[in-house]
C-alpha cells in the first residue's frame, strides 16, 4: 500500500477524496491536513460543529471509522517522509504557495487551477492524455524537484475533452462551441450558490470558467513533443451557466470536423473509444469510457451522472449540425465531483503509479 | 372597442389571453370557447373543480369579475357575426380543422403551430417583421376567405429572432447556433413536466422544438417579395433543453456575422433597435425592445423575464466568439408565456388593427 | 424459490416492486401483469415509448435482463396455478374488483387502499404488528378463500406508526398530532405533481391522506382479540402537505403520553426497539428499525431516506413539548416508496412466508 | 414628510426597507447607514461589486434613482438631528450596542431580536396589539431616553399571532401547536441557505426559532397593565423547518380553545377580524387582515404570499381537530419579508406616528 496524504481534508472536495480513497486497494490515507482551526483534532471532531453538534459531512457515502480517527494537522506539519503521494483540495492562491514546497519531496496531484497553465505541468484526463506523463520528467528536471505537480482540469473540461478525443483523433476538428448547464456542487460550499439565487432560475455566468475550459481543452488534446505541449489548434468557445442541479454537468456541444463523419460513425467512435489503459487494471477507471444513449431524453444529470461510479461520460442526442461545415452536435453529462474532481485525481494517481512516477 | 373571441379559454394559454385582454383599451373579450365539458357553464364554473372546489387558475394575475361571468361555449357555437377577431389557444391538430372555418369569416391569431409553415401565413414577431402583413392579402385572395390566419411563432423563437434582427440588418449573418434552457410553463399543464422529472435535473430534449425554432427564425427574418417569403439564408442550429424554471426562456446564442461587428457596436445595435411601430401607440408594445445588461450575472430568467411587462428581450454577456468567423455570442432571456405566447399574440392583434386588417 | 406475480408492473410502484424483487433470495418474479396496452409485449417493450424510443423507467436502480424479457399479460391472463404469491400495485377501484378474484386462489399483498378498512384485513407494518397475522385465518374462513388480501398502509402512516409503537408500548398515548411534508413520488406519475405547481411552493392538501393516516395508525397499533382488531384509542390529528422533495416523507410529530417519559428515555426506547422478527432473518428487514440522530439538523429526507436500504425510520429533534401533558415531540423521515410501498410489501411477504401463510 | 434613517441599508432586509419606503407618502428616506466598507459611497456604488460590476440587489422591485444617489455612512456618522425616525436592519449583537445610543435621541424600530424580551419593549404586530404602545412611555421614563426601541417580532410569529388573535379574543386558548415550513429568504444572504442543502430536501431545524415564536406569541397576545405585559397564559409548541421556497412562510396550526368554536364560527371570526386601526388610514395596512380561502389546496406560499401587498395573512383548511379538546386546525401563509420584516416595521412606524410617538 502506498501512503497518501490529503491537504484540504475538511472541505467538500476533501471529503470526496476521503470517499474515493477510504477503501482503495492501492492507496492508504495516512495523513490529513486542513486549516489551523482543525489542527490537533480528530477528523471526526474537525467535522463536528462545536455549537450545535451538527456533523458537517456532505457526501452521500459515509466516512469510514479509521479515517474519522485520523488526526488533522496543518499542511506544514505533514510528515513528508512517511508519504508516497499527496492529493490537494485547496484554493488556488494557497496552492500557489504550498504545492511547490510539497513537490520538492513528493508527487502532488492537485485540484486547484494554480499550475494548470504552466508549460511543464500536464493536465491529465487519464483516459485521454496519459501520454503527457513524460512532461513530468521535464518538470522535475527544470525545477530540481524530487516530486512534481499535476493539476486536475476544471470539472467542466473533463466531459468535453473526453468526448472530443475520439472525434478529433479520427476526423480532426475545426472548432468547438459548447454551452454548459453546471451543477451547484461545482461551486463548493464556501461562497457556494445560495438557494435564493438558484431557485426558479439560471445563472448565466461563472467567473473564469469559460477561459479555463477553452484553454485546458486545447492543452489536454495537444501534442507533447520536445519537452512541451503544443495545444490543439482548434478554437473552443463556451458559455457556462449554473442550473438548479446538485451534481452532474450537462453540456450541449457543437463541432465542425475537418473530415466528414456521419452520425452513426460518430456514435461508433464514442462507443468504441479505448484509452489504452484498459490492461493496466486501474481501480477507479470506468469500464466503458463513453456511454452512448439512444433515448432522446437522455443524458439527464440525475439519471446519468453516476454511470460507472461517476467516471463515465454519457452522450446522447448525437445528430448533424446544419450550421457548421461537417457539423455534429451532442449533449453530454459527466459527474463534476467524481470524474471531475477527487475521483478523477485518484485515477491520475493510479495511472502515475503504474507509469512509475509515484511510489518507486 | 373591437369584440374579441377566445378559443381554448380554460387552458393555461387561454388564461394568459384573459389576463392580456381583460383590461385592454381596444379589445373587449365578449365570447369564450372551450371543450364540450365546459360548455354552458360560466367561465368561473368551468375553472372550478366540482369535486374539491379548487379554482384552476394558473396566472399570477387574477381574472376580473366580468370575464368570470361570461358563458363558455363550444367553438362551433361562437356567434361569429358579433366578433371582430378571434384568438386561439388550442392544440395543433384541433387548430388544423377549426381555424380555417373561423378564418372564412374572421381574422384568427393562433398560438398553434399548425399553419406556421404555410407559404401564405406570416409568422409575426410584431417588433421584427410587421412588414410581412401584406402576405395576408395573398392568403385571403388565394383561399377566398374574408378573414385570415396568422400563427404565432414558437415561444423559443421570439427572443432569438428579436436579438438577431438588428445584427442581421446591419452586418448580415453567416450562421446561428443556440442552446436554450427553457421554462416549464412552455410545456403547459396537460402533459406538462412532472416535478419528479425536473427536480435536480435538466431534460435535454423537447420534441419538435429545435426544428421549429430553426425554420421559424429563417421565415421571420425572411424577405417578402412577389407574394411569398424567401427565408433568410443563414442556417440555424439549436439544442433545446428544459430546466427547473417557472417562466422565462434563457438562450445562449453564438453567431457568425458577414461583416465584422465589435462587441460595443453589437450592444449599441441592440439598445438602439427600433421596430418602426413606436409611433403607432400599440398598448402591449414594450418601450425598450431589447434591454442590454452590463452585469455579467444577467440576464437571469427570474429577474429579467418580467421586464417591460414581459414584452422586452433582455440580453447580457455580449462578447466575442473566438470559434466563428466574425463571431459574437450573448445570452438572452425572454418571457415565454407573455411575449412568447398570449400577450405577443395580442400585440399582433393591435398591429393588424392599426394596419387595417382587423376591425374594418 | 417461491413464484411471484406482479400486477401493475409498468407503473412507478410496479417498477419499485421489480427492484425489490429482482435479486430476492426467496421470491422469483415469474409473471407480470399490466393493462391491455402492454399485454403481449416484453416488459422491455412495454416500458419503451414507441414514438420516441424513450425508456420509461423511473427508479435509480436499473431493471435486470431476466425481468425485461418477461412477457406482460393482462391480470385476467395470469396463470394462478403457477404462482405462490401476488403483489399488486394498482389503483383502488381496480383493486376492489380484481383482488378478491386473485385472493380466492392466492395470497395477495396490495399497495392499494381498497381493503384497508375491512375488519378482517390486517394492515401490516411488519416490524410493528406482525401479530395481526392471525386475522388472516379469520378472513379466509369468512370469505371462503384459499388465499387472502393484506393491504399495505399509506406511505405516510408507516414512519408514524413505527415511531409511536415503542412509546405507546411503554408509556401509553393520550393523543398524536402530526404535520407531514411529503415527497412527490408519493403522488405517482399519472396525475402526479406538476413541476409548475411545486416549484417555489408547498401544497397544503393531499386528498384523503389525513383520514387514512389517522385511521390506519389506530388500526395498526390496535389489539387483535377474538377475531377482530380493536383500534388504539388515542386520537390522531394530521395536516398532510406536499413539498419539493423527490423521495422521503418528513413528519413533525407531537404526542401526549399517559405516563411521563423523559427525552432520554424516549430516545432509548426508539433505539432499543425490536420487532421480535430479528431471528427470522427476513431479507428485506432493516437491522436497526429506528435510527436516532443527535445532530439537530437531522433527519433530512435527502440524507436519511435511504438508511438501511430505505427500510429504517430516522428520528431526530426529540424534545419535550410544553403544550401537551407529558408532551414529547420529534421529527422523522421514512422512505415512502421503499419502506412505504413496494419494499415494505415485500417484507410483509417475507414475514407471511415465515409464518406459513405464503408458500405452504 | 418625516425624515427617516435606515441602518443596515445594503443587506437584504435593508433593501426591503428601501422598497417599502421609497414611495411612502409620509416617510422620506434621507439617511442611509451601513458598514465601514460602504461608507462614503453612493448607495448605488455600495451595491455594485467592484470586481464584476454585478449589482447586488435582491428584491423584485427596483430601487428608485433618488435612493441610489444617497450617500451611505456608518451608523456613527448619522446626523440624528435631521431625523425623525430610524429603522434598523442589523444583526442582534450589533443592535444591542447601537440601538440604545440611537434611542437616546430618536424612535428606533428594529428588526433585530436583541430587545424583544425586554419587559419594557413592546413587540408590535400593528394589527394585533397596537394597545401595547403605552409601554413606550414606561420605557422612555425608565431609561431616560428621548426616543425608544420597538423590536419587530420574528417573521414566523406574525402570521401565527395574527390568526390566533380573533380566536383567543372570542373563545380563549388552552394551547397552540404549530409546524412551520419556512422560506429561504428568512435566513438572509450572509449565512443563508445553500442550494446544495435545500435542493430535494427539508431542513428540520432553525436555530433559536422555536423559542422565539413561542415566547413572542405569548407576549404579543399578552395584556398590558400597570406598566408591564403579562404574557398570554396558553403554551405554544413549535417545530420550525426550512423548505425550498423563496418567500412566504407556511404554518400548520393546531389549537385547543377554552370554549367550543365551530369551524364556521372560526372562519367568520377570521374574516371579520378588525384591528381597530382601519380609520387611521395607515398607508401600509392591508384592507383585509385575514383572508379565508375555501379551496382546499390553498393557501400556497407562491400563490398567496403577495396578497394585500404581502401584508395579509391567508388561511385555509380550517377544520376540526379530533385530538385536542375543542380542537381546531388550519394552515396559514404570511409573507416573511413584507409583513414579517421591513414592511411590517414601516407599518409600525405609521401606527406610532398616528399615536403621537413619532414625529411630534
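The first chain written gets the first letter, and so on, giving A, B, C and D; residue counts start at 1 in each chain.
The rule is simple: contacts are C-beta pairs under 8 Å (C-beta built on N, C-alpha and C of every residue); 3 or more make two chains touch, one makes a residue touch a chain.
Everything numeric in this text was worked out from a predicted model, so none of it was measured.
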| item | value |
| --- | --- |
| For subunit A and subunit C, chains touching each | B, D |
| Far-end chain from subunit A, centres as C-alpha averages | D |
| CA centroid of subunit C to CA centroid of subunit D, Å | 42 |
| For subunit B paired with subunit C, centre-to-centre distance based on mean C-alpha positions, whole Å | 47 |
| Between subunit B and subunit D, centroid-to-centroid distance (C-alpha), Å | 41 |
| Of all residues in subunit B, the ones touching two or more other chains | 52, 199-200, 207, 244-246, 296-297, 303 |
| Subunit C-touching residues of subunit D, taken from the complex the two chains share | 175-177, 179, 181, 199-205, 207, 214, 235-237, 239, 241, 243-246, 250, 252, 254, 296-303, 316-317, 321-324, 327, 329, 331 |
| Parts of subunit B lying in touch with subunit C, wherever the complex brings them together | 52, 58, 184-185, 189, 192-200, 207, 244-246 |
| Interfacial residue positions of subunit D with respect to subunit B in the complex | 52-55, 60, 199-200, 294-297 |
